[in-house]
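Scrolling down, you'll hit the structures one after another.
Two complexes come next, and they have one chain in common, chain A, joined by chain B in the first and chain C in the second.
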Partner chain A sequence: MVDQIRHMCVGINQILEQIHGFSRRCLFRVISMGPLPIHLAFIMDGNRRYAKKQDLEDGSGHKAGFSALMSMLQYCYELGIKYVTVYAFSIDNFRRKPEEVRSLMDLMLEKIKSLLDKESIVHEYGIRVYFIGNLALLSDQVRAAAEEVMQATAENSRVGLLVCVAYNSTDEIVQAVKKSCVTKLDRDMETIQLVDIEENMQMSVAPDPDILIRSSGETRLSNFLLWQTGSSQLFSPDALWPEIGLRHLVWAILNFQKSHSYFEKKKKKQM
Partner chain B sequence: MDFNDPMLALSSWIGQVSFLIGDFGLGLLWRFIHIVVTLCHIVSGIFEAVESYAISLGLIQKYSSIDIEKLKCLAVVVDIEAARDVSKVVELLQWLTTIGVKQVGLFDSQGLLKKSKDMILEMVPRSVLLQETGEKDTSGIALEFISSSDNKEAVVKAANILFQKYLKSRHPGKDEGENVFTETHLNEALRVVGESVHVPDLLLVYGPVRSHLGFPAWRLRYTEIVHMGSLKYMRYGSLLKAIHKFTGVRQNYGV
Partner chain C sequence: MLSLLSCFLSLLSFLVHSCIRPWTQAKISLKDEKEIDEGTSYVAGEEETPKGLLREQMPRHVAVIMDGNRRWAERAGLLTSQGHEAGAERLIEFAELCFKLGIETVSAFAFSTENWGRHKIEVNCLMSLFQRYLKSKIHFFQSEEIRVSVIGNLEKIPESLLGTIKETEEATKRYKKKHLILAIDYSGRFDILHACKSIVKKSQQGLIREEDVDQTLFERELLTKCTEFPSPDLLIRTSGEQRISNFLLWQLAYTELFFSPVLWPDFDKDRVIEALVSYQSRERRFGCRI
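What follows is the complex of A and B.
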């Protein structure tokens, strides 16, 4: 009797998931009648506050945050967004308590390795994964795993996932300036131009983001993509990152569609 | 065979027509969703306007006193179209003076406000140009005029200074010169090229969209960015609310 009830619940769950997925695809079909962003960026803020709010043990907030990330990526790639960038770990975050940093690095290693699984989202959507940041600051294990994933997905070209880890914008700018100077020296050329710095920015593998969403209601960029967001529309939904959902994404995109002509006009004036 | 070709053509035609009807229907639905979004904005706009008037009239207790000392440096980003109306910018600065803000950076991407600098300084009572040395006339408001040339172009100039230092520091027979590529060095180089934009605690965006519109990236690390709507319809109560909200923010700087 208990087994029968359990099977019924599983069946109902599956039907509800199918209905949810179908409704989502219909909604995306309607939204696609307007302009869609090519590149979306997320600051995944609020994992620790979520764990505290739900009275979970340390580290569970980040695990819940990872599930939220996978859902968001699924929605973005289903909708047809070409690039998604996420702020996974800032250089400033190294100043957190050593046990917390270690636990985050362990979680990151586990999740990076899981990207290589055959059932992972990478294979489902043909994602090319980039790890952007000062990777020399990571442990050898995490760095090696990241490089393995980048190599394994280098042939994928449908969509891109840029994971910013050991990253901050000012460091990215300094590294781009350094690379530009070293390259100029090698080529015996006189001055650095803007195009040199832009092409040496690690984020140059993708166009500038159209939308940047920071969860948990905070309104600052915290040293994320400062160079690239001059024409980006910024959103700060109050939801903590593990609570972020389809409605926040849809709201951001609908507002992007409303402002699209404003940014297009601005880009034309700059040319 | 002759019978099949017309049938194929007919089914393809039916497919195209249903596609068009389908697309037309989807387009209608899309417009309907956007009408709903616009209505949401109108309703929230009405609530904000009412709240703003209540704040201006002093009816909401918590906004009657603001700990303005927490706001060391404010920046205002103005959309290009709005920047042409200098009188509104002057009015905003007069409000900020009343609130007690001491230091304001004014940014528009094309430098229109920079060109109107003298007029603005004349029209805003007790306003002075913010000097790099940090000497401030404490009774008035110190203004700084910023444009896109203080953003990426300034970084390029600073990069060339570091490039020259890098060339000089390389000795023959040694692979690496002194490490001139640190944030401190770039900061110093930016100061040398004249990019001395003060780091704002709060950035108010007056324009149709919440975007920093190319404000100098190097200065935006931990700046709170708040969208205030159009400059033409700016409200004193909304300004007070934004500044008050800022004074309640606690940053952990990533730790």
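What follows is the complex of A and C.
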């Protein structure tokens, strides 16, 4: 009897999931009638506050955050967004308590390795994964895992996932400036152009983000994609990162579509 | 299912919000315009810290993207040039208020490199406005002891304006406590490129080594080297656009951002206080945990 009830519940769940998925795809069809962003960037803020709020143990907030990330990626790629960038770990975050940094690194290693699983989202959507940042600051294990994933997904070309780890924008800019100076050192320095710096940016593998979403209500960039988000629309929902969901993504895109026509008109006037 | 339902509700509220917002904004603009005419928007000479604000938590450097002059003029049935005039007047009032509240540096995005693409008449009008305002306000800056700096490419601006800029900077360079930085023909990317070229030049002259180039050294080569506090604590953008629009990209790494739907000429004292209250309520972590 108990088994029958359990089977029935599983069956009902499956039906509800299918209805949910179908409804979501219908909603995405409606939204796609307007202009869609090509590249979305996320600052995944609020994991620890979420754990505190839910009275969970340390580290659980980040695990919940990872689940939220996977759901968000699924929605983005289903909607047809080509690139997603996430701010996973900043260089500044190394200044946190050693036990928190260690726990984050362990979680990162586990999740990076899981990207290579056959059932992972990487294979489902044909994602090419990039790890952007000063990877030399990571432990050998995490760095090796990241490089393995980048290599394994190098042939994928449908969509891109850029994971910023051991990253900050001012570091990225200085490294790009150094590289462009080295290539131009034997020539007149006047020949250095914006495009020289740009092509040496680690983020040059993707176009600039159309929308930057920071969760938890904080409205600042925290040294993330400063060069690339000069023209991006900024959106900061109050929801903590593990609470982020479909409605926040939809709201961000609707706002993007609303200001897109005004922004395009402004750009055309200036051309 | 619940999240889908909340999506549809979001869509519905978005549509309602889109219809109502432009109407309420127009109402606000016309109401505040009346207040400006009646001269009640700022209280001259006030030094008392307004309620809800703590003097010791004032930002040291506030930056502003003064957006909305043209829309303001359109809604008020005025010419674009009158919108920019109102915007310039509002900037002076804004800077005065900030200095009275103990804020040491105010940066304003007056003209972006992208703005050269606007209609020639509007561009000429803006250049002439900058010149007229700077010239007419030199004595004011001197009496209030406000140092004025202009940052930007400056290669395309008229010679006469360049002359006035140099004159104003020279006349006010000795003042230390209040600093007004105007970004004219400025772009954050151009600023970074300019710093890059400066570093290469110094490297070629043997003044610095490549291995010495780090974030601190790089920051000293940016155009904001004219101030001790190149990074704003607070950036305000008016008119509802939520973008940085290529203003002070490097310098905004940890800046608190405040977006107001109010058009710039309507950004009165109450709005400034609202922005500062929001700033003082924020928890700044700089990547660490407090």
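Following the convention adopted for this analysis, the second predicted complex is superposed on the first by the 257 of 271 C-alpha atoms of A that agree within 3 Å, B and C clash if a C-alpha of one lies under 4 Å from a C-alpha of the other, contacts with A are read in each partner's own complex, and residues count from 1 in each chain.
The definition used in the following text is that a contact is a pair of C-beta atoms (placed from the backbone, for glycine too) under 8 Å apart; a residue touches a chain by one contact, two chains touch by 3 or more.
Note that the coordinates shown come from a computational prediction; the quantities given were computed from them, not determined experimentally.
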Query - chain A as common anchor, with chain B and chain C clashing or fitting - result: clash
Requested in this report: Look at A:L135 in the shared chain and tell me whether it touches chain B only, chain C only, both, or neither; answer first, second, both or neither.
Outcome: neither
Query raised in the report: In the superposed arrangement, does A:A152 touch chain B (first), chain C (second), both or neither?
Result: neither
Query raised in the report: Of the partners chain B and chain C, which touch A:I38 in the superposed model: first, second, both, neither?
Result: neither
Query raised in the report: Does chain B (first) or chain C (second) touch A:L56, or do both, or does neither?
Result: neither
Requested in this report: Have a look at where A:I121 lands relative to chain B and chain C in the superposition and call it first, second, both or neither.
Outcome: neither
Report task. Once the structures are superposed on A, label A:R29 by its partner contacts, choosing first (chain B), second (chain C), both or neither. Result -> first
Report task. Please indicate which partner A:A144 is in contact with in the superposed arrangement: first for chain B, second for chain C, both, or neither. Result -> neither
Report task. Report for A:M105: first if it touches chain B alone, second if chain C alone, otherwise both or neither. Result -> neither
Report task. Please write out, lowest number first, the residues of chain A touched by both chain B and chain C across the two complexes. Result -> 90-93, 95-96, 168-171, 173-174, 177-178, 180-181, 184-185, 192-194, 197, 218-223, 226-227, 229-235, 254-255, 258-259, 269
Query raised in the report: Contact residues on chain A for chain B in the complex?
Result: 29-31, 33-34, 90-93, 95-96, 168-171, 173-175, 177-178, 180-181, 184-185, 191-194, 197, 218-223, 226-227, 229-235, 254-255, 257-259, 262-263, 266, 269
Report task. In the complex, go through chain B and note every residue touching chain A. Result -> 23, 26-27, 29-30, 33-34, 37-38, 80, 151-153, 155-156, 158-160, 162-163, 166-167, 170, 181-183, 186, 208-215, 217-218, 220-227, 249, 251, 253-255
Requested in this report: Sort out for me which residues of chain A touch chain C in the complex.
Outcome: 16, 19-20, 23-24, 27, 48, 90-93, 95-97, 100, 168-171, 173-174, 177-178, 180-182, 184-185, 189-190, 192-194, 197, 218-223, 226-227, 229-235, 245-247, 250-251, 254-255, 258-259, 269-271
Query - Sites on chain C touched by chain A in the complex - result: 1, 3-4, 6-11, 14, 18, 114-119, 188-190, 192-193, 195-197, 199-201, 203-204, 210, 213-215, 218, 241-247, 249-250, 252-259, 282, 284, 286-289
